[in-house]
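Following are the structures in question.
Two complexes, one shared chain (subunit A), two partners (subunit B, subunit C).
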Partner chain A sequence: MVASAVDSALRYRRASWQSRVRSHPAGPVTILFVVMLAGCIVASLLLPEQFRFLLPGNLSLVLRQIPNLGLVALGVGILMIAGEFDLSVGSVFVAAPFATAVAYDAGVPFALAVLIAIAIAVVIGLINAGITLGFRIPSFITTLGMLFIVRTAAPYIVDLYGGRKSLPFRPPEGFKEVLTVDVFGFLPAQFIWFLLFAVLAYLLLNRHFLGNHFFAAGGDPKAAQFAGINVNRTKTVAFVLSSVFATISGIFTITRVAVAQTNPQLFIELYAVAICVIGGLSLFGGRGSVLGIVIGACVLQLVQDIILLAQLPGFYLDMFVGLMIVAGVVINQAIKRKY
Partner chain B sequence: MSQISADLAAARRVPQGAPWLWRLKRYQAISVVVVYGLLLAVCLAWSFAAPSAFAFATTGNLAVLSQQIPVTAIAAIGVGILMVTGEFDISIAGTFTLVAFIVAIPFSEAGWPLWLSMLAGFGTAVAIGVLNGLITAWLGIPSFIATIGMMFFLRGVIRFVSINPQTNLNDSRPFFPGETFEAVLTGHLFGPVYAQLVWLVVVAVIGYLILNRHQIGNHMFTTGGNRDAAIAVGVNVRRVKLIAFVICAVTAGFAGLLQATRINQIEPSFATVSGFELEAIAGVVVGGVSLYGGRGAILGMVLGAALIETVDNVLVLIGAPETIFKGLLGAIVIVAVILNNIVRRRG
Partner chain C sequence: MQGGDMTAATTTAAAPATTATAPARTPLFEARGISKAYGHVNALMNVDFEVRHNEVVGLLGDNGAGKSTLIKILSGVVIPDRGSFFRNGQPVDISSRRKSEQAGIQTIYQDIALVRSMSIMRNIYAGREPLGPLGFMKMGEMRRTAVEILDKYVRIAGITSPDLLVEELSGGQAQAVAIARAVHFKRDILLLDEPTSALSVRETEKVLAIMRELAESGVSCVFVTHNLYHAFRVCDRFTIMAHGQNVKTALKADTSLNELTDIIMSH
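So, the complex of A and B:
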């Protein structure tokens, strides 16, 4: 009895680590990242004058910028795993934190001002979910429309408040300290927060029943429905999470730069989708990992830094993002077909 | 057997009553014809009632409309034909700008003859369309992601080609292709009518012939309506989609050339901040083309684009702030898609 159990356990040998890396959604991007990072370090050691990658100033700059897009991509990625897109994050990222700045400027207690932004994000997420799921139209059309609606509406709502296009944002000292201080002088707190949120997202996706439902709803909605999962409710939660993550990222940003703006054309939404695709998430839902999103964000920022350090023209970044989106999807598809 | 043939006969029978009315109701662009007719009627009535407050029906304003509508509508025809096959193209703003640059720079700065630089420009458009088609149809990537990739890529290319050697910046470029060319493409004909309107009619007729009077059009409707059935009856689905992508890129490039010729200038930032792709998609969706493919009519695409441009024009006339148009565009797209869905489920 025992012997046969041991036998059957032995028959299911663990896969070799090579095949596990290859079949993991974040495998290829991890390899790409490690190679790029190694290349940067070698180049920086060989040419310390021309390529100043290893200077503490440069490293902390990169680490400070990763969370901007990375946090947005975490939310967009969770939603993508659940099988939907959110392009409206580009506007939410700008508009909801601006509401915080306006409210705080008007004398609302700080905690409440932050809650207002979160509430706005929740409402936008619910509207996105309601239209997409209620009328069964593709989410990228709904959220593309919402992107433009929020982008337009935000400045008008601001007009009621004196029509200012930008507002200084001076949160309580402690808040700013906690969010943006450099730990040990070089490690920006934003990056630690980003990792914390990533761990939270990981726990949600891989250690909580809701995460299971996200994967099921994105992978095979019909099967999920038959298994008793309320697919629409699951997706609604994902829509809300996507908006909320974008808002959190926006609050980090206005805290760091100490000014909130309504100037919206940052294309955050497209970079977030790009990060997710580079990070190995399936466009069709049901496949992906938090590790992939984090490393995808690191790769994008690393490329930006390389372009900056090598003094290459800026248009290389656009071209790289374009190529990586297509290449990423092709590689993801190929891997999915194989395993 | 007889039961089946009786059923078939019943299915084929046109319901009693006026057959033209029945056909009209089934016409896919009927809603936009009605809506745009109403909008025009309201605008004209308002304009005649209060000419000073709302200067819609003046020659000057109608001339502006007759120059602006064709640019969007021509691009919308391409986007619409592509949407009939069930695909999207988000990269048209990039194609629009890049083709104009590729025509203008060799012509004005390298002294190429105009026909050669136009060949280069439209060659670029065809290449973009082929690439989009190959990536989408052969690699099996959803077109809206593939063309977002293309959009970023074109944006980079535009930033590269638009660098002005004198200033080293991405300045707007002048484009003076000569009087004959300008007269043919954008000349003033009579009253408020400009040559662009004639070009729109030409493109629309060509689009109609492709979509409704040629085998390939039939294949497009089948490909978008029911891909598996299309494959089963031997339609080369990939080739059909590739052709639609090329048509879309070429119309976008032609629209870009019209715009550049009219204002004698090319703006590199148009590719990033115009929202032109959303405008075209909005026009097409308002025109009754199904987002899922398989349904659509050229007249609907043209009138949908005209409706979008007219709304923009009305907003300018009543002095609404410039940015409100894009928000409205977002709302129009969502509402139009919802309405199309409802119509489809009923029909």
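So, the complex of A and C:
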């Protein structure tokens, strides 16, 4: 039974790169992105006056806007891989950073003001997890409820204390510069930060034991439990991460626009889910990649840019997102049926 | 119960099938006087069951006979109302799944043995990742050991890489990986619950062969099955259950396929 070890290295090898690309969850969206990008470049070269895609200002604008939704999608994606949804990110994205602005405006040291926002995010993540896992109800419902609760509670609390619903946000100069400077004159720092967070998310999902547990808990909770993984604890960590990523994105945004407000940014939660689905993450958990989320965010922004440059009506974006979500789910189902 | 008779019979006839086993050796694992009731229904009544060194024991019986309850008890998932457990003659606690695993027992259910959307390597280490600083996994060590495990215990054609997703494997290959994982993590009693029920003929042959090889290499298997032909081919000994009781324990040499069938049919 015990085979000689001589040929084991030959028998068991890394899967070929072709097979890895083919089976990678981000495969389809990567192809879509490359085709779209090539199309934009060709259109811009052929029609330089009408379609100004390659203008540095346009490219810089696209790169500046990707992190906004991309960071939220990273957190939502990790949670989707763990088998749950978080729609409350739409409100957390607004409310937690607003708390930072209020605290900082009231004289709280900046670092502490940021920590307050993170703490709020952690508490909301824990509540989402506690209700979903404790009462065994779909996270879609729990977090939809939390979306509305936080969305209405934030302005209510502000009213209660006679505060303003819109505050100028002027963080310390060093912080602002690190987040908003253009590297080499065209590459927004926010995009670089987004990529750094994406690398962190990649390491978490693919090199850290928590990542292994996220995939297992989302892929097959019973088998994960059977393997000795505490599924509820694993999912709780993912819920918290989702909230924290939304908060970080929100802090980035109020730093960039220099204003914090309680007005909701409509549909940010749905766009985040859409990015994940477009990026090849399964709505049923257990499948997905950070690469897919990053490229999904790029695709969404690229479509928005095409619509702007081609002067098409704005609702085309929603139509595209809707189509991509349905297409993503159909592809997911096809993969499930295949096995 | 037939515990005393069973012990005497087994020690004399098991020797030809398992040459490494010393006569009258203390059983690897014993469950004595196990009872479990759900409300007014007695799922198990004073059942004795033992697993000997280097053997495949068939746990047979019709639906509702109590096999599943016994397996759940041995897995630590269900706690019996009465009964005691011994490993190599020493009392052991198997009142939780973790404690059962610490006693060397691993149950391999066909449906939930592995996470299908994960790679073989990730499955092998799910919940037992070798960790470096800050909780990061030792990927090199995981890969090396995964290859070693596949090579040592599985060695089934078609598994070319530990990076393959489990959903890319056939049912037999997945079973083999689940078994390999259990054996690698020092479980020496495998409870295999209907491992061949959804497999092709060829894959069934492989799993049966793996069970035999495991027994000879020191890992005893409890083979729960409805398929008496499979059981008769691979088992050294049989325990037949009916209505929550152990109605017959016999060595392969002392019984026949027809007799086993008659016993099951007559209860």
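We take it that the second predicted complex is superposed on the first by the 313 of 339 C-alpha atoms of A that agree within 3 Å, B and C clash if a C-alpha of one lies under 4 Å from a C-alpha of the other, contacts with A are read in each partner's own complex, and residues count from 1 in each chain.
The criterion applied here is as follows: contacts are C-beta pairs under 8 Å (C-beta built on N, C-alpha and C of every residue); 3 or more make two chains touch, one makes a residue touch a chain.
Predicted model, so just to flag it, every value in this text is computed and none were measured.
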Partner chain in contact with A:216 - subunit B first, subunit C second, else both or neither: second
Superposed model, subunit A: greater residue contact from subunit B or subunit C: B
Partner chain in contact with A:323 - subunit B first, subunit C second, else both or neither: first
Touched partner set for A:195, first subunit B, second subunit C, both or neither: neither
Residues of subunit C that touch subunit A when the two form their complex: 97-98, 101, 109, 112-118, 122-123, 125-129, 131, 134-137, 139, 146-148, 150-153, 155, 159-165, 167-168, 213, 216-217
Subunit B partner contacts - residues on subunit A that touch it in the complex: 131, 135-138, 140-142, 144-149, 151-153, 155-156, 265, 267, 270, 273-274, 277, 283-284, 313-326, 329-330, 333
Touching residues on subunit B, where the partner in the complex is subunit A: 135, 139-142, 144-146, 148-160, 163, 272-273, 275, 278, 291, 321, 323-324, 326-331, 333-334, 337-338, 341
Complex contact set, residues of subunit A against subunit C: 1-3, 5, 8-9, 11-15, 20, 23, 203, 207-210, 212-213, 215-216, 219-220, 222-224, 226-229, 282, 286-287, 339
